[in-house]
Amino acid sequence: MKTLFVTDLKPGNEVVEFFVLRKKEIKEYDGQRFLKLELGDKTGRIDGVVWDNPEEIYGQAQVGEIVKVKGWVTTYRDASQVKVERLRRAGENEAQLSDFLPSSEKAPEVLLKEFKKVASSIREQYLRRLFDLLLADSQLIAMLKATPGGKLWHHAYVGGLLEHTLNVVQICEKAAEMYPIVNRDLLIAGALLHDLGKIKSYSAAGFFDYTDEGRLVGHIVSGEELVTGKIGEIPDFPSGLALQLKHLILSHQGQLEFASPVVPQTVEAIILYYADDMDAKANAFGHIIKTQRGKGRRWSDWVHLINRYIYLGEEEEKEEEN
Amino acid sequence: MKTLFVTDLKPGNEVVEFFVLRKKEIKEYDGQRFLKLELGDKTGRIDGVVWDNPEEIYGQAQVGEIVKVKGWVTTYRDASQVKVERLRRAGENEAQLSDFLPSSEKAPEVLLKEFKKVASSIREQYLRRLFDLLLADSQLIAMLKATPGGKLWHHAYVGGLLEHTLNVVQICEKAAEMYPIVNRDLLIAGALLHDLGKIKSYSAAGFFDYTDEGRLVGHIVSGEELVTGKIGEIPDFPSGLALQLKHLILSHQGQLEFASPVVPQTVEAIILYYADDMDAKANAFGHIIKTQRGKGRRWSDWVHLINRYIYLGEEEEKEEEN
Amino acid sequence: MKTLFVTDLKPGNEVVEFFVLRKKEIKEYDGQRFLKLELGDKTGRIDGVVWDNPEEIYGQAQVGEIVKVKGWVTTYRDASQVKVERLRRAGENEAQLSDFLPSSEKAPEVLLKEFKKVASSIREQYLRRLFDLLLADSQLIAMLKATPGGKLWHHAYVGGLLEHTLNVVQICEKAAEMYPIVNRDLLIAGALLHDLGKIKSYSAAGFFDYTDEGRLVGHIVSGEELVTGKIGEIPDFPSGLALQLKHLILSHQGQLEFASPVVPQTVEAIILYYADDMDAKANAFGHIIKTQRGKGRRWSDWVHLINRYIYLGEEEEKEEEN
Amino acid sequence: MKTLFVTDLKPGNEVVEFFVLRKKEIKEYDGQRFLKLELGDKTGRIDGVVWDNPEEIYGQAQVGEIVKVKGWVTTYRDASQVKVERLRRAGENEAQLSDFLPSSEKAPEVLLKEFKKVASSIREQYLRRLFDLLLADSQLIAMLKATPGGKLWHHAYVGGLLEHTLNVVQICEKAAEMYPIVNRDLLIAGALLHDLGKIKSYSAAGFFDYTDEGRLVGHIVSGEELVTGKIGEIPDFPSGLALQLKHLILSHQGQLEFASPVVPQTVEAIILYYADDMDAKANAFGHIIKTQRGKGRRWSDWVHLINRYIYLGEEEEKEEEN
Amino acid sequence: MKTLFVTDLKPGNEVVEFFVLRKKEIKEYDGQRFLKLELGDKTGRIDGVVWDNPEEIYGQAQVGEIVKVKGWVTTYRDASQVKVERLRRAGENEAQLSDFLPSSEKAPEVLLKEFKKVASSIREQYLRRLFDLLLADSQLIAMLKATPGGKLWHHAYVGGLLEHTLNVVQICEKAAEMYPIVNRDLLIAGALLHDLGKIKSYSAAGFFDYTDEGRLVGHIVSGEELVTGKIGEIPDFPSGLALQLKHLILSHQGQLEFASPVVPQTVEAIILYYADDMDAKANAFGHIIKTQRGKGRRWSDWVHLINRYIYLGEEEEKEEEN
Amino acid sequence: MKTLFVTDLKPGNEVVEFFVLRKKEIKEYDGQRFLKLELGDKTGRIDGVVWDNPEEIYGQAQVGEIVKVKGWVTTYRDASQVKVERLRRAGENEAQLSDFLPSSEKAPEVLLKEFKKVASSIREQYLRRLFDLLLADSQLIAMLKATPGGKLWHHAYVGGLLEHTLNVVQICEKAAEMYPIVNRDLLIAGALLHDLGKIKSYSAAGFFDYTDEGRLVGHIVSGEELVTGKIGEIPDFPSGLALQLKHLILSHQGQLEFASPVVPQTVEAIILYYADDMDAKANAFGHIIKTQRGKGRRWSDWVHLINRYIYLGEEEEKEEEN
């Protein structure tokens, strides 16, 4: 178990601790070759530098692996960095993944239980069987618990996919109450499965990154493929129901330019799109507000992804007035 | 009270009934001048034609007024039309507006009661006073009950604005429960007021049309203006709160190209945008599905506004199979 | 076998012939109900009208079925129409589908042979096995031969999918020669399979139309699903190769807004995109030029799909000068 | 009165002078906390650094206030910076705002006189009364004189709003002469008021920044609100005239994606849009050309806002040839 | 000289008059072939029909030629048409082009004089020589007088190109006064020449249409070519000046998507773009307002080209109130 | 002849060698003025710094000229730089341009021979005469050999324009075989000439840069101008053929927003567009893959111009597994 985290490192500290190796590169300075590293854990990231035997240490571990580092903290151009003396790959049970990846507030196990509960509320028999099959696939379930909701922008933590999924379910449940025309079981099944493909799109070995499948196929089609495979195992699954469920997964980004290969054409699909996007944005706005608020600021830094500043509220200012 | 509606008219029928005058135009055929009309009521529209004294009858009434028509139903090129013999403007109490405009399922009075109930759940004192002022404005309330949610695409009926508003409130209420960072009272106030400007944008004299203000100013700014006016009557209304409430109204279309002059910059604003758009689209999809479903069709006509066909479901086909 | 085709029908002709039923609708004129039909064959379409027993004849056949019609040709508003006296569904072997759908110049069987020859030129063993499996699937092959390349715009005829596919292969073969960095077998496999999903997207029962799967899933994902299914039957199919092949299918429309869920990220994918689009456009331009050229015209009608007029060349003008 | 300006500071200089405090932040270097500042005046900006008692000095002044600084100029990484020994907030009359903000060439007072002269040329009686009211509002007039035309891109100096406004008036005056269909008084009134809302959008306390209202409401709606308020004080102001004037303000950015909530729908509005944009761009191009021309350059740096280089002309080169 | 114009034709009139032949097509009705024509003059267009010897009459004249027609006016489906008995091509001097094409209010000769006067105000010697050459080219000048400013949308009449050009010059003259950085002679030369290529883009033989060059090359490049050709005849024309003048022509549509191959990169070019667009839009708005105003209408028909209704003003309504 | 290239420079080396001067700027550090340079050759670029007599050395040479430099290599902030002691403009024959600009693999002379061979395969007599004229223009031919295909993104080396042109020809030759409707000679002529204007758009004096003409006119119109000029020298060149050839050059970027002033309207033009774009992208993808592949990377750096990562393939990984 880790005791020293990135956010705790102060210039002058000695360091003997596990980190995930995020990057490694041999560079040269004044004719001398050295190894530049990026180390991380669930609290953040820090640069590292190795001056002695850089090639040898370069070969000790791959990017994404957890390594044990010995060294001390210095500063270089306003920023802290770790001067690394020794580094080796961590043994199998020396370190816990949960120290390296940020995690949702609720435990993934708890979130999974809620997921199962929602699934069990579905009465349509074929959709029920589909969830029975999916929930019996222990490898899939393990990945489901570990996968984030996104890489950077929203729910970027272990359990994030489940947390996001359950939020989308809640909004859809409300919509199913409000609009009698909606096929509730179909909509809820779509909500539960809409981002399932993300278990194939992100690797979570030490830190979150895209897999080749995440880039070459994309989470939308990966998810549709997973569901199509399971449906293929259920005899007599109605073809119209299968098409509508696939449509919910494929169209959930709402527009072609957001990478959905088809636009929403059913009332359930149009609702799922808004529910998904609302939760993603609300989580992202909330994250920015929580992490940037305070210290007299009323506005966030510029948020490139959505081309705007976000208003942080005026609480802090009131305090200052007192 | 009307007894004969547009949908009931059959070729050969005699007609002595009230209609709203939707269009009038003098035309010429084979050297003879005649008057072409469009008549309507809450069930639809039908053409009319006047061969005798067209100029005189042209002067009897303005577009948008209710008229009493005497004539009989003929057909012309596959379509029914009314051959009009006599026509005069309706007297003040001869006809009821409710016969001419489609109306929400729930009575506007009932919807208004729900609106008031939601308003009374707001605890923030300045927002409460704002609603007290608004609800005390009987002219505004009368218009609020009569205004549709849109002209063609969604909630296009008397009471539609209230119905849409209450749906948006429901989704926002759910979001306020889900996201602790949300200022619930602010969000609900925004939801209640977001489309208020529509009372200035639509005229409902006989049939729905845009007003000059609806086109030259737009419902977003009209609504903001209304709220700004009332806020001006409340001493010490906090300026930050006022800005955030105005922002909710101004940004609720979500993007500049959808006519919002500012994009959502607060967490409440981003949620209101999705709630508003989800309800509009769900209502529009539902309306298309309900009116086009049946008769073996599984797909709607092409929907220009959103560039797609809508899937109507497969119920009817099953029936046919039986 | 048909002897009388739509293009041959002249006012006054008696008609006893097979047609495909493209539309049917009960309408009313001057108080009398009648049945309006659209009939077609591979040469075009014509309206039909039934005045006696319209409801009974309505129930005789479904849209898309082939029917035998007895009647005679009249004109109605400048256009010919068939006044139908009797109509019944065709018996199983009374009519040949090839009379009703337009077809490629080369026989589908010949095109299929070329397809197989290209497939057999692939040396990479796993891709070869994949094509062995696909070509052994007789139902899939039957559909492959029957499917058009598009519904309206390009290669809209039986055999069109094969014809388009082989053209794309030719351009890719050239590119593989020109650019040594290209993996030729991978690119050719992608070219052969890129539009395979169209066999699920179009129904060809009497005339071409979209299937529900064509609309709700789309030919890109349908094709990827088909290929993924076959790959699943091949032990040890290399995962990297599978991803790259799927990527070729998924990205072949080149841009998200053209319904590809991922953009081309490999050199083979970027080439396939241009080859596919070049052949589609060259076929479409060619079709417009061939069918509209002549009679002194140098410009086509306005082509909505690409927002322009197409230049038809100046042959006719030269003739006029003589 | 300042005697030492940012552009005059040379390494080695002693500094005892007033500056506006643009930014302040506590940072840490090699375990030692220090205060990093950004200081400015109308000629530019320079960094400052405080090593002794950073927390205490941090508390001396707020961002946007004018401060008196004692220290000397050093260099750090190619750039000059001020090593600050002492810093305190300026007393009420110690410094003049005009030393800290850039200003138009013509004095704001002169520009205001021209503004009044144009206003007095309006003959339509209600518009005249509107300008009488506005010009009688001394607070509004004070802000009008102080406000820039934009934050960065055009007329970014005290008096800039007036200067830009008068230029737009000139172009509109020309258009009113050229096009007899134009209502000259309406157009000129719109030109005078189109950017009035900017007095609410920018704060000019030491340096230009957006206010919360500038971001949450935007200058277009702020301006419309101001004008609506004044119109409300004029009995019998014709509603059609009011709508058209509001429309001029609301539509003056010309397109929805440029933040106008309505597009120009009157001939006056379409002219105002072009006049406004022409002057903004001509001023921006002119500013870039004037500041970057010379030293053998014929092209500006890349201008991100408009994605192009600007041609600076060839004067300088000719000189070099001599 | 014509005495009977399209707008004067009433059912029952006998017709012996010249018209321009706009379209001709052989059609068939109830087994009988007939010739359908479109005839026009400067006041509008009307259909014609020939039942006797349609093929022979078809061969009498080409589209765009002026023909003498004998027949009488009938009505067909609500619209008037000319039943044509005889038709022949007009002899060389039988008809005047000015009867068939709409024309500017000011005579083209007067407009040309103004054009020359502006040209003579240019002092830069090479630009002056360029205009001397252009004005000495009598064929070019003849076309310049005859060419419209646009085909449908703005200045669509003989002399329209000159009228539009002189308006653009006026706005540019104003801008040159306002912005000292502007090279006045260069800007005015660009304004005079910006649309010169339209003389190659429109044919005005009887009615306005695009030429092949208008479609395949476009007026922007045609104009640049014309100017480049003339510059080539002037020894020592400074290359930098030539580039800047070409740039004014090439960039005057302001954006790539409006068919300019380069965006404005000089201050003169950015001004010319706004001046050109302002005059085109002001003319188009004005034309719509003048032709649609009155009869109680306050709004134009939907204007497809700019996706909006145009406000026609409220004059007429006031009159009605009286 | 150079013996020491930028890629060979190591800290500590003495340098007495020719480089192209890419940038020069006087700067100040700690009160001392110095001259900052950028030096380059065909292998890359390196910074240089001059501390003694910076003004004097600044005046020795212009940007784009070849200079002889004496100094030694040091490092500054992780990067190498040349501390320059002496610098002078190179004499006329001291250095070879080929040492400073990257070059195509095949010699430009060889590429030109292929270009001539293709030109001689054209049988249409007027197009043949056009190429005879072009190939007889020795200055044009010299520039054709020296010009790159692009500045940064594709074929950015001497001979690149010819190499790209010949690739486009190959694809068009294939298309002419495949589509009988294509006018082969016209298409090949268009392919050979489509980018000819680039000889006016790039300067290749020491390093590639845009000329003023490249920016103010653009390579599309420059090329059309060149061809129009030569056509003007050929008596009786058919005007329709000339228009179609110009159209090929003008429309070859395929869309207005890619700077073509007209969109492709002939079948040859649509093919040329795809052939041009396919070769540009295949070359660019290939260049990125070749230069970034290896060292265990499977993905390129982010490619801004096309907003994606490029897949580099998996070769390296396989090696690592061994």
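Going by the order they are written in, the chains are A, B, C, D, E and F; count residues from 1 in each one.
Going forward, a contact is a pair of C-beta atoms (placed from the backbone, for glycine too) under 8 Å apart; a residue touches a chain by one contact, two chains touch by 3 or more.
As the structure is a prediction and not an experimental result, all values here were calculated from the model.
Q: Counting one step per pair of touching chains, how far is chain D from chain A at the shortest?
A: Shortest path length, in steps: 1.
Q: Considering only mean CA positions as chain centres, point out the chain farthest from chain A.
A: Greatest centre separation from chain A goes to chain E.
Q: Note whether the interface between chain A and chain F is symmetric in residue numbering, meaning over half of all numbers used appear on both sides, and answer same or different.
A: different
Q: Comparing each of D-E, B-D or B-E with C-E, which pair has over half of its contact pairs in common by residue number?
A: Selected from D-E, B-D or B-E as the counterpart of C-E: B-E.
Q: Hey, which chain ends up farthest from chain F, C-alpha centres compared?
A: B
Q: So how far apart, in whole Å, are chain E and chain F when each is placed at the average of its C-alpha atoms?
A: Spacing between the chain centres: roughly 42 Å.
Q: Go ahead and note the Å separation of the Cα centroids belonging to chain A and chain E.
A: Result: the chain centres lie 60 Å from each other.
Q: Using the touch definition from the top, which residues of chain A touch two or more other chains?
A: Touching at least two other chains: 212, 215-216, 240, 244, 247, 265-266, 309, 311.
Q: Any two chains that touch count here, so list every such pair.
A: A-B, A-C, A-D, A-F, B-C, B-D, B-E, C-E, C-F, D-E, D-F, E-F
Q: Mind pulling up the chain B residues that touch chain E in the complex?
A: For this pair, the touching residues of chain B are 27, 29-31, 212, 215-216.
Q: State the interface residues of chain D toward chain E in the complex, per the touch definition above.
A: 167, 170-171, 174-175, 178-179, 181-182, 240, 244, 247, 263, 265-267, 270-271, 274-275, 277-278, 281-282, 285-286, 289-290, 306-311, 313-314
Q: List the residues on chain E that touch chain B in their complex, please.
A: 10-12, 75, 78, 298-299, 309, 311
Q: Which residues, counting only chain A, touch chain C once they are in their complex?
A: My answer: residues 212-213, 215-218, 220-221, 224-225, 228-229, 232, 240, 243-244, 246-247, 250, 256-262, 265-266.
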